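Shared chain: chain A. Partners: chain B in the first complex, chain C in the second.
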Partner chain A sequence: MQDTDVRTRGARATARAPRARTGRRLGQALIPYVWIGPATLLIAVVVLWPVVEMIRTSLQKISSSGVTLGSNGTTNYSDLFDEGDLVHVVVRTLLWVAGVVIVTMVISLALAQLLNARFPGRRVVRWAVIVPWAASVLMTALVWKWMLDNYFGVVNEVLLDLHVLHKPVNWLAHPDQAMLWMMWVAVFVSLPFASFVILAGLQTIPGEVYEAARVDGSGTFRTYFRITLPMLRPALLIAAIINVINVFNSFPIIWAMTQGGPGHATDTTTTFMYKIAFFDQNVGESAAMAVVNFALVLVMVLLYLRASRWREEVR
Partner chain B sequence: MKRHLIGVIAAGLTVTLGMTGCSKGSSSGGGGGDSKTIKFVAAIYDDNTKGYWDGLIKDFEAANKGYKVNLEMVDWTQMDAKVKTYVQTKQTPDILNYNAFSDFARDGLTYPASEVVSPQVLSDFTPTFVDQTKYNGTQYALPFIASARLLFFNKDLFKKAGITNPPSTWAEVKSDAQKLKAKGAVGYGLPLGPEESQAEFYSWAMNDGGGWVDSSGKWAINQPANVDTLNFLRDLTKSGLTQPNPETTDRKTVFNQFAQGKVGMGINGPFTRAGFIDPVNKNLNYGIAPLPSKDGSVHNTLGVVDVLNAFKNGGKNKDAVTKFLNYFYQQQNYAKFLKLENFLPTTKSAGSALSSDPYYKQFVDALPQAKFAPTSNPAWSAVAGAVKQSMGTAVASGDPKKVLDGIQKTAEKNG
Partner chain C sequence: MTATTVRTKAAAKPKPVSFRKVILTGVAWLVGLAFVAPYLEMLVTALKPEHELMRSSYLPTKWEWSNFVDVWRAAPIWQNMKVSLLVAGAATIVTLLCGLPAAYYTARNRFRGRNAFLLLILITQMFAPTALVIGIYREMVALNLTDTLLSLILVNAAFNLPFCVWILHGYFASIPKELEEAAFLDGAGRIKALVRVTLPISMPGVVTAVVYTFIGAWNEYIVALTITSSPNRQPLTVAIPSFVTQYQEHWQYLFATSLIAIVPVVILFVFIERYLIGGLTAGSIK
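The block that comes next holds the complex of A and B.
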């Protein structure tokens, strides 16, 4: 009796040792997850859950009051693709994104170069460039809306005084002009972020590279296109991608200035989505538009990354 | 290392806080167990609205010990988005001040009116408004305030242009507008922007035999009379007799110009004097006339009614909701609100409150001939939304018939 007791105890003891070792190894393997756990959880709650919710909503039938009436299959999507204005809106959105991002990046490159140069008062200029970023986008858009007003707008006032115009122009009522003005406002609010990212990029380029170029007799243009621009690629890449996403999803500028009107003539997919939910009272179809919008952003960013061969940057 | 730790703790805290926030949100729907506390969402009509409700609720709580009303004021520009969110997240207030009711009634969210006000209050509502708040033959919403639309005209500009009487027919509207234009003014201020194009359009269409539905109640938005109306408005625009770009102009812009004496005519409601004209130019010499009609025979007016909805939220709130609504509809409380906000009454007992003022009397007198938008049809909000988005384009780049066909399609899709 005693004998067996000892034996089993011994067996247990020998069994415990490796188990403890695997336990420790498992614990060690789990430690990183403990550390990244809260962040992962945060991302899951704040990022993934809304995406799931969005896709779920796009498959539901939701009454005009807001009550969920059950599954709607893919009807929301077929309704969305039946909208006569959808194609125009998507094309306009792509033009809007391309136009705003390209102009922003070109101006930001110049601005960043200026901010990187040494001159008296540089600190003040750097602060001044940040201002449009610090101001609320909605406020900026509203200020521009009033500046472009047909009756009281300062833009008309100045152009009339300079005899450029003979009578006031209702800038925001004509779709093409309105679109150009809104793109300008979008560029204006995108500049600070892009130019500061590029400025940071400029500051990472070591001085020795420039010195070597100078010794080799490279001119200003050549130095810029052969050294500065290639070495700025990581910064440009980041600035452009974030800008694409921001501009694509930009709602306040267009909503404050034209509400996407007249009709749907200045709508992008984001304002169109809002109108489907709150004018057409169709939350389900609006969610379908949101899913399409989400997919469009993903595809655009992937295409851009592919075109710019981002893997070389990572390596 | 220490900084990392703080970061992790912060992240952890954020997540936990976020999650408790969520769970608290979803459990507070349905009114909760405390049936003596109710939530009231009121629309902001102007700067006086909040003060009125604060005062009324204080008096109500003093008179009814233990009852509590939580007030939330919402601006009209955010109201639609808020209401949708309330319903979707099952956090509807107990009483909601809004401009629609029929889809709540259809979805079984609200009480029939007879369950939440006393028989005296119920029988005090003017029959016109009772009809406007019925869904499938039962009155659900409580008529809250009413408004009517008439033609405002600038007497000084009319005199300068040699016009003696305000126009009665559409032909006169056009010829008067031409005379006003010759004197440098805008003939007719036409707001067909997204703010309220459904009201402006209907004010004209109803006086041409047009409207939203046919005699059997079916959608008839692309009927010939409506096309004819839009062609007339398009002609006014294309002849340069309106302000530039009616398709993007809202009512407030038109009436700001009217108050400055730059516009000859425009259609608006009783709040025009206090809301648009007096703040800009108290000395403006203007008159008010019935809405012009195509042939000048019958002059209909556009009626608008806002309502109070009482949400069931599980049913425990009925006693408190009823007490508060009966309190609000007491003659002196209700009349005080109307006077403060310059709206027309929806009850018989408050009917005389505004008639002593000759300005308001014209609107009160016009109400019996008022025609209303089909708000008792749950599809109306989607139709109004389609009108707001596209009606204006019919006088600009669009074709009237095609624009109306598009809206008709939306209407039929929504039932």
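The block that comes next holds the complex of A and C.
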């Protein structure tokens, strides 16, 4: 807001300038685009072009070797909607996103409070919590796969030694169990980022606010729900939306642990799309799946824009 | 647990260690342990001799430290690591070169197209390479860039750029303009004022942007899996799963390599953890 008045001052100064300087003013007018040009160009070429290319491909007939054989109308889409597994895959994807994000946000709220509290060794605990963020998701998924191994996995060993199980369970062979374990891994890798964003949010709440609440005789729970949570809204919003996008697009966890199998029983839209393209060699139909997937993301983006009231925030 | 935050004021007076504090510390340490446990299991597995992998035991009977030496000979992981470093490093530099000026200018000035640009940034933040991988693949085929490092660098730079611009924009906007104006009065130009005054104060934001991009690129999997085919152009993420296939199961090498990849990044994080919280604040508040 301070910049606006400086800006108007500048505008007034240029208004007073003689007409002879039009050329220079044109040059001045182009300056902003020099500053934002490279970023815009990079996004246009590498992010927006694939969007266009994907939509185009979804309407084309592509041979299994990748050669374009001309237009295909909406055949790719009708082929996609004829896939018996599609409905299951989409429903599973939505459950996967909702489940992982809700659990992540709830645990992160508690975790952020814990990391904000004072105790000896707090820095070390914070470093420990960061580790799954720093580690590649693929590698984390692979170690969980190893820990869940039927014969040699540490999870079965511990449960057998504690007499919770009587014989080893092949966790990843059963779709429902596999899905729950993969959701857990997704939560595990999402927690560091979400709790650090919330922790950052907690630290922006001035101490005086709590002081005032205490003077008013507000109890712990009341203070939390009436003051802390509402003030965390921006942080929660950004943590949740980034988490939604990441989880929705999460490919390595499922790819490493079950490859969406058995059959399509643990596929989400992204692994399903990948299999159509590179296993079934049907790039056109895969692009159609990608467009459907992308439409789902766009809906979420619009919801986010409404929630964040971006116009007010950008100002 | 909020009580702890409220209590800090009261705790300023020296008090005997309370029971609650002991419990809190215990819980916190257990939580910390839970987060590193899978990576400890990685380490234990990486230190097992191959014949002990297929035997259920918590710890190796013989600690095979030589696995960490042998793995370099078992597969060309040095080459894959160079690819990962090059791609992540170059992507980070490209992101900063494109992102810093845009974030700075939009935070300081209003001009026609500013809102459109910020909306573009906000929307493309939501685009992930995974969702667009088919389009990226087709584009790289069209540009004849499949199986090149350049394509990996561009993709990683571009997809991390929006978040970085957003964070930096928030950070720059939170720095009072008066600080720069003082530098202007001293005769410094706009760029000099940016480099001498604003950038140093913005370090938390810059560090967050750098780390976010570097980690994102270092860990990227699906695009690299799709557009690289020669083993010597594959980053670590694509190369390591080949230690465990239907023909061979070298879990010890897989996890030794994973740790070699993870440890430097964790150390990087430890150094910047302090900045990170400040940087993330800018992104979420503005």
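Everything below uses one rule, namely that the second predicted complex is superposed on the first by the 280 of 315 C-alpha atoms of A that agree within 3 Å, B and C clash if a C-alpha of one lies under 4 Å from a C-alpha of the other, contacts with A are read in each partner's own complex, and residues count from 1 in each chain.
The criterion applied here is as follows: a contact is a pair of C-beta atoms (placed from the backbone, for glycine too) under 8 Å apart; a residue touches a chain by one contact, two chains touch by 3 or more.
Not measured: the values here are computed from a predicted model.
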| item | value |
| --- | --- |
| Contacts of A:T258 with chain B and chain C, given as first, second, both or neither | first |
| Which of chain B and chain C A:V283 touches, first, second, both or neither | both |
| Most chain A residues touched (candidates chain B, chain C) | C |
| Partner chain in contact with A:V103 - chain B first, chain C second, else both or neither | neither |
| First (chain B), second (chain C), both or neither touched by A:T270 | second |
| Contacts of A:F294 with chain B and chain C, given as first, second, both or neither | second |
| Contacts of A:V45 with chain B and chain C, given as first, second, both or neither | both |
| First, second, both or neither for A:L94, with chain B first and chain C second | neither |
| First, second, both or neither for A:S63, with chain B first and chain C second | first |
| First (chain B), second (chain C), both or neither touched by A:L159 | neither |
| Set intersection of chain A contacts, chain C complex versus chain B complex | 35, 38-39, 41-42, 45-46, 66, 151, 277-278, 283 |
| Parts of chain A lying in touch with chain C, wherever the complex brings them together | 2-4, 6-7, 32-33, 35-36, 38-43, 45-54, 57, 66, 110-111, 113-140, 142-144, 146-147, 151-152, 154, 156-157, 188, 191-192, 196-197, 199-204, 207, 210-211, 213-214, 220, 223-224, 228, 234-235, 237-239, 241, 245-246, 248-252, 255-256, 270, 273-274, 277-278, 283, 286-287, 290, 293-294, 297, 300-301, 304-305, 310-311, 313-314 |
| Footprint of chain A on chain C - complex, ascending | 1-6, 8-9, 11, 21, 24-25, 27-29, 31-33, 35-36, 38-39, 41-42, 45, 53-56, 58, 94, 97-99, 101-102, 104-106, 108-115, 117-124, 126-139, 141-142, 154-155, 157-159, 161-162, 165, 176-177, 215, 218-219, 221-222, 226, 236-237, 240-241, 244, 251, 254-255, 258, 261-262, 265-266, 268-270, 273, 276-281, 283-286 |
| For the chain B and chain A complex, residues of the former touching the latter | 4, 8, 11-12, 14-15, 18-19, 80-81, 83-88, 103-104, 106-107, 109, 193-194, 244-245, 247-248, 253, 257, 378-379, 381-382, 385-386, 388-390, 392-393, 396-398, 406, 410, 414 |
| Contact footprint of chain B on chain A as seen in their complex | 35, 38-39, 41-42, 45-46, 62-68, 84, 150-151, 170, 172-174, 258-259, 261-265, 275, 277-283 |
